[in-house]
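What follows is a group of structures, each given as structure tokens.
Two complexes are shown next, each including chain A; its partner changes from chain B in the first to chain C in the second.
Let's turn to the complex of A and B:
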């Protein structure tokens, strides 16, 4: 038993590093007040170290801590991209002017980010319903606080409040669902639940209700329609860095958890080659339900984004729409679909973080988040404006950018599984999305700046970060074979 | 036939030389405008030379179309190959280029028009660097579409043209450029999505057996998609004459019809033309529209012969409507550019009518008309541009008596006008004649009605000549300068081609005759 625990600890190093980083930040924050970036660098070091240990886990496939946590290629893939997102967010935070006025409390900020990173990494790794819920709550609670971090800003506090209320309700519903599921199957381990479900449970009504409730809770986390109402307000109110973190990292983590939960719990893995998908919980057309939610998210997200003027709000609706596209892969729940999701998330990381990053740069230098006021920025800050154009074009899905590849695989998976109507909706909404993305581009380039508006220049590190996001976005549009290989080899979830 | 320069195939050179030019342009300092212009001119000039080489060594007897062996200058490299895992079969996307009789004329046209477009862009003074960078990117996209034989590659090149075009219209265009730019973008993007979905459906329906390993490989290879034996059992697009195949045909057709543009998908064209700067109008009418008909011939016809035969009347009728409707609309215009835009719709209708006939005459006429129309409209738009540069007017009624003022210009422009009208002895006549002859064999009445479009065309062209070149010169328009040497330079090659191909069209016809004959046979036999 001790050996197992010791061995488990060895497999838990990335998370342990993050926890230690969290502690070090607290202590460092007590003693080093003067230098703003110290805690940020500590956080960065922690992330890099955690990233190293995560990469060391490549190829492992086992369950540790008495089947509570899975260390498998799937978890490693998600942990790696989460850490990557985390690294970018830390860099963003160092560059953010918004956070400048909260310099004395910046240690708290990084501490909360560390907490959130820990929660997210646990989310994608846990194989136990209770641990999943705990990880989810850890993530959520840290993010509630982070959203309200700029507390002298009214909007920030308001959005934090909204987020807590929505979040608490949905967590409650989800927990209720989980408890019902545990009650029906008398286990908290998703593999045991799977066995129980395949063996057959008697209370199918309760089972269906519990799964519905869990979907509600998870739907809230990924901001899928109709549980998306919090997202625009929260993104708009939160500091840009946190909005980016929520839109990218927390979404990636939630999808990682959902994939593991659904595909382990509800799939008849023995008969997976036949029509094994969703057979473990009959009674409701789950794929149709999820497909409907995906379609709604694409339609509502894209249509509402058309009318937004605040860029963060626009990106919030766009990320609702993207959650819809990603959900298409989950509807299919075949390996093709899941591979497509992983490809999508990886590319989404770069293009969406990039869009948020340029929005932050513009907020820093031009002092505005309003798309209307972006007029002429193409001439004042050509580099950033061209980069933003590429990110937005990628989000639309026009070659030669990564966004096309992401869409290509999701659409392809859906077509090969016969979900033609869903793909048609996805196609139509993609066209709609062109409108609001290109509007930003139009405002930046098609209007002359004011005569006396100064040119905007950025320092070298800002540019380097920009290129670090830009190059993968472009490169993945031209050569994506390595990503494909990685995604395909990472698809294996332990037990399959 | 293969041709390598420094170990790199000639098609790669001709497609990517503009990209090299673009990179150089981006590295040059803003102030150095002439260096930027010369870079663009040299890059496109090299393309013209390469196209000349291709013309010289192209083997006129080889068929191409669906036979990989008889394509010429083929370059094929594996681009993305992912080995099979239990669930996902082997994935293959290749960098596969080659030309046959169908594409060779288009390559010559593209290189020539691109080069002349650069000369005509010489007087653009606004953001020169950005302009030429985007221009060169656009040229790569166009050229790439004409040589790509892998559907994915084709799609990438197709969509790469969107953004440069959007900016070129939107930044350097006229007063309503924003509207025109987004309208162009939107229409083409809708088509692009339709093509994307069809491409994916085809991808999952087609798998060839790799002779080396015996594996079944999904592929984007267009030639493999033409072989009915490669369709997997139960694939969405497998079988013959199924509803899904018709749907797929229609989706692709709409995409290409938007580009052609065919009635009722044509409304973006007049807006785009009116607002675009002259060189971009030249590119748009000269090359971009041909991508639509080329796509029909390269993709719709051979991959979906069943759909093509099923919808041939439909195509012919749309062609007819475009001919008549475009001509009538042109008649009603006061704006010189709009007039040419609508005449383009009318003339591209002739192409569609010709190729929809599904016989060799119509097909040859159609493809030759693509080439000729590219040359003729380029001349017409250049002519408008010359007048607009001097007077900043485009209204037909604003002009008069230009012939006295600018005799050289009038002579050259009138040749273009008469070619558009279909005067025997100039190139437009030959290709229209062939198209209508072919169409008459297949559709008697549709052709008879369509031919009346020629009369209307004669009407609006002659009326335009009268209003612009003849009559009394308005007070304001006195003292216009005749063509500068640069302007003469951009007209001369085109005018020479107009006359040469009008008198002696066989060099052009010989290039494509065997390939197109084979394409007709291939389609009418249902793909065998």
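Let's turn to the complex of A and C:
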């Protein structure tokens, strides 16, 4: 028993590093009263160290802490991209002008980000319903506070209140679902639940209700229709850095958790076929239900984004639509679909973070979030405007950007699994999405700026961060073979 | 037969606890949907969490779940406390800004 625990601790190093970082930030915040982002650099160091330990885990495949946490290629892949997103967010925060007036409290900000990182890394690794719920709540509670971090802003306060009410209700419903699922199967970890489901449970009605309730909680986290209504308000009110964190990292983590939960719990391992995935639980056509939710997300997200003026709000609706595209891979739940999801999430990280980053740069320098007021910015700040164009083109999925590759694989996987109607909807909504992305580009480049409007220039580090996001977005559109290989080798989930 | 039904009232079984928790859950959802005062909505959330807790304890008493249920119950209590603390802090901040905690009157963000 002691050996097992000690061995498990050795496999838990990335999370332990994040916890220590959190503690170090709290202590450092007490003593260091400088005007610079010292705690941010501590956070960055912690993330890099955690990244190193995560990479050391490549190739391992075992369940530690008595089947509580899974250390498998799937978890390692998700943890790596979460840490990558975390590193970018810390850099964004150091550049953000919004957070400037909260300098004396910036230590708390990084501490909460560390807590959120810990929650997200545990979400993708946990193989026990209790731990899943705890990780989800850890992530949520930290993000409620972060959304309202800019306290003097009315919109920030309001959005954090809306977020905590919606979030608490949906996680409460999810907890009730978990309690029923645990009750009918008499076990808490997903492997034994799977065994119990295959052996057959008598109360299929309760089982179906419980899974529906769990889908409410998870659907809230990935902002899928009809649980999406919080996303636009929260993204608009939150500081840009936090909106980016929610749109990218939190969504990636939730997808990691949802994939592990569904693929381990509801698979009938006796009949491993493309269609046998959902057979462990009868009553409702789960794939049809999720497919319908994905289709709704694509339609609602893209159509509502058409008439938004605030760039953060537009990106929120676009991220709802992207959640729909990614959910298509989950509907199929074959290895092909999972590979496509991983490729999509990796590329989505760069392009969406990039779009939020440029939005933040424009907010810093031009002081506006309104797309109408972006007129002429293409001439005042050519580099950032061109970068934003590339990110938006990539989000649409036009060659030669990474977005095309992402969409190509996920559409291909859906077609080969026979979900033609879903792909048709996805294709049509992709064309619709072009309109609102291009509107931003048109406003930036097709209008002359005011005569006395000054040029906007950015310092070297801002440009470096921009290029760190821009180059992968472009590069992955041309040369993506290594990413495909990594994704293919990372889909092995324990028990799937 | 009559004796059986009397006994089933006298000795509460799993089903009774599940019914109580279902009623609590519905009341919680109703409070969340109908109340416009933020504090009342948060009370509804507490009801939902506690109804789940009753489920956990009942299952651990009557099925093979045993101590797992109790443990989850403890964790849920802690989570509920943490969430309530954060929620009250946020509501206090909103009250300082808007001078109201009526959900209908706090609507700068829409669209």
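The rule is simple: the second predicted complex is superposed on the first by the 492 of 496 C-alpha atoms of A that agree within 3 Å, B and C clash if a C-alpha of one lies under 4 Å from a C-alpha of the other, contacts with A are read in each partner's own complex, and residues count from 1 in each chain.
By our rule, contacts are C-beta pairs under 8 Å (C-beta built on N, C-alpha and C of every residue); 3 or more make two chains touch, one makes a residue touch a chain.
These figures come from a predicted structure and were not determined experimentally.
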Inset, instruction - Figure out whether A:481 sits in contact with chain B (first) or chain C (second), or with both, or with neither. - result: first
Inset, instruction - Kindly classify A:393 by the partners it touches after superposition: chain B alone (first), chain C alone (second), both, or neither? - result: first
Inset, instruction - Could you look at A:408 and tell me whether it touches chain B, chain C, both or neither (first, second, both, neither)? - result: first
Legend entry - Partner chain(s) touched by A:27 [first = chain B, second = chain C, both, neither]: neither
Legend entry - Which superposed partner A:137 touches (first chain B, second chain C, both, neither): second
Legend entry - Shared chain A surface residues [contacts with chain B and with chain C]: none
Legend entry - Contacting residues of chain B [partner chain A, same complex]: 79-82, 85, 87-88, 91, 155-156, 159-160, 162-163, 166-167, 170-171, 177-178, 182, 185-186, 189-190, 192-194, 196-197, 200-201, 203-204, 236
Legend entry - Touching residues on chain A, where the partner in the complex is chain C: 130, 133-134, 137, 141, 144-145, 148, 151, 154-155, 157-162, 164-165, 168-169, 172-173, 175-176, 178-180, 182-183, 186-188, 232-233, 236-237, 307-308, 310, 313
Inset, instruction - Using the touch rule from the top, collect the residues of chain A that touch chain B in their complex. - result: 334-336, 339, 393, 398-400, 404, 407-408, 411-412, 415-416, 418, 420, 423-424, 427-428, 430-431, 434-435, 438, 442, 445-446, 479-481, 484-485, 488
Legend entry - Residue ranges of chain C in contact with chain A within the complex: 21, 25, 28-29, 32, 38, 41-42, 44-45, 48-49, 51-53, 55-56, 58-59, 63-65, 68-69, 71-72, 75-76, 79, 82-83, 86-87, 89-91, 93-94, 97-98, 103, 106-111
